[in-house]
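Naming follows writing order (A, B, C and D), and every chain is counted from residue 1.
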């Protein structure tokens, strides 16, 4: 499946905007480092979403204005952030008690691979020479009720990231509920991957071709393709 | 918009169901959410398992809930009280069950329940009657017993100040079990003397972050349990 | 050993004063409910002792002036107290983490019986009709480095409380280090009870007679008896 | 009289011995006690096991301690850094050991160590490479792994305000691992921007009670790790 010409799907910003639309008002959410962080810029107006960052802040706000940041007010990606009205600070044990205890409604994470049974690999390529580093990924997937993945549908070299079973070391077993890619929104069900939405201009077949596991069409009404 | 305010104690606790496990904050009268407990009496919910350090005073608050026949079982560390015969009478009559837990183990079990820790090894109670039936294991030459996390359907707690998001600060030693109970219950209901808008609390001083709280009920001047007992009040 | 005429030893206040003298400057101490609480009134001038009460306060001060108390500022015995400069409040899990984690230097507890191997019974008489209630006793003895007992040497009916092995349900095994009674100060050693000090006017033999286990005379210099 | 103030970072950390386990607060540069770490470099103590979420930046702070050959083993969750090759180079050369622990498990192990809990069952890492060699057990139909408490000889942490008793408050997300590390170490050394007399801190807002602290060193204007790295500083 490599080297196929990529169909044009959503941009990264559009993916973030689309994922943000599915986060309900009042949700407590952890956004993974990288692409998922962009969701914070796209929360629909009128919705109040409380962002958790595992290094000890609930009620995370946007980046500070230039020159107004505090090097000790950062997010898990070690970027400077702000704290909104109603925020609270806490220590690392309390922060992961929130995560592990199932108190967050949702996290959105990046992925190297997602398997059709919900297995997630997102912390290690298994490369002999790489420095192993896991951070909070395993805690997030084992503790948070709903785990969404936001990722490009394929790697830069065109390999599918949605697979029958992961080849990279696992982050968690059967943990992913939903996947937002540039091409589609796909749910992980007991029957495997189920398409719930295509990106504009993308055909079901184009997604099937770029998915290395069976894909059920779960759209409730047939859309123009 | 997040606004967890609820108008009355009754409205806040009406979701309690028969046979629920209910954690109730307080150590003696300090931190006892007496208005919420009285509202729970009013709901008539029965067959409850109640987690509290004690078993109440006189015939108000927790003692009233017990006297009213709504509690099947108490999980607590110190069910004796100088001024209440409610629990002792029912216990001697075989009408209420008791799970006696050392106070620190009770606190740690609640904390574990809220933190997603299934079980832990503690040195407390090794070699005593309260170890009976529990698994022993040695670590680094010392003996520990296995204790399991404790969760609940509902927690009823009292705070001094809450904001609409449910961020809480407490009053002195009224804090006690409330912060951990808030983490261990599916639904946490708070009665607060002051209810403020988000931003009113210093984020460095928030003790219970709002994520653990579902409902906030303003009770501006909560009753003092000891004063009610002294006055001879019997609830309801 | 019952019904012996009791020799006159220390009063309760004198016992508290004597025990207080052995608490070093800067110690973090938990005082059990009842007689041990009286130690707080006898801290020698110039010493700073920080009192912990397991219901969530470090830096406990004396009782409030009449009418100035707060029903939500109480000690483990549910009596109103005050908080000194440098105090802090914390929740029950954190409070018992302090205890269990070995952070307190010393606790002083009451006793029903102490055995010569350091076993302590102080929570239950095993009476069928009694309501079982343990509170924090088992946590204190298993977690705190040094456990002192403060008790009358014999029960009101004249039975010795220092015994070969406890008959009441145990609070902890081999946990007691030192015993302050009206008659003597006794250490629990690998060789059993060892007398370290007699109360004024009390003879070694009088203590031996009222102790239901062997007692070694461990005084470094012979005193007038 | 209790007065835990110490005049200089070097005086405060000189008790660190070869082969000690040292917990160092901070998540990235937030909360990193950089002046204490540099003093630890100055002591020359070697063979250390260091517990920190990361492995430092540039060639200052923790990275400097590692580069100086004083660290035998790192216990951490994320030893990669965009701007430091110190740890990666030594690791690839087989000159430093690594115990990789999921971040939440690391925090919980430290908390357990400080709370006298020998071990606990956590759901994190079940079915992954980081579960290997650990005991599995099911509770209520879910699988958990056994993890042990972690303690240290010394903790080095940074606070915003300390009083002479060692009561601490922190600055925003610089709090991170410091409060739990303070509980898990035999000796806890704090560098604080402001050192005040007892009574200066609101007892409701104290985050770390003084019982967990042994030494308080005033460092009024601590260096920013990122600024040192940008300036190209190499310590010592």
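Operating definition for what follows: a residue touches a chain if its C-beta (ideal position, glycine included) is under 8 Å from a C-beta of that chain, and two chains touch if they have at least 3 such contacts.
Being a predicted model, the structure only gives us computed values, none of them experimental.
Touching chain C and chain D at once are the following chains: B.
Computed from the mean C-alpha positions, the centre of chain A lies at a distance of 30 Å from the centre of chain D. Inter-chain spacing, taken between the CA centroids of chain A and chain B, is 37 Å. Residues of chain B found to touch two or more other chains are 108, 111, 115-117, 122-123, 170, 172, 203-204, 207.
Residue positions 83, 89-90, 93, 96-97, 99-100, 143 of chain C are each in touch with at least two other chains. Screening every pair of chains for touch gives A-B, A-D, B-C, B-D, C-D.
If you check the complex, the residues on chain D that touch chain C are 1-2, 111, 113-117, 163-165, 167, 183-184, 197-199, 201, 203-204, 206, 209-212. Chain contact summary for the complex, chain D toward chain A: residues 27-31, 53, 77-80, 87-88, 91-92, 98, 100-108, 110-111, 122-130, 170-180, 207, 224, 226.
Against chain D, in their complex, chain C makes its touches with residues 25-26, 28, 46, 48, 50, 52, 58-59, 83-90, 93, 96-104, 143.
Against chain B, in their complex, chain D makes its touches with residues 108, 112, 115-123, 137, 139-140, 142, 144, 148, 169-170, 172, 202-205, 207. Partner chain B is touched in their complex by these residues of chain C: 53-57, 70-74, 78, 83, 89-93, 95-97, 99-100, 124, 129, 131-139, 142-143, 169-173.
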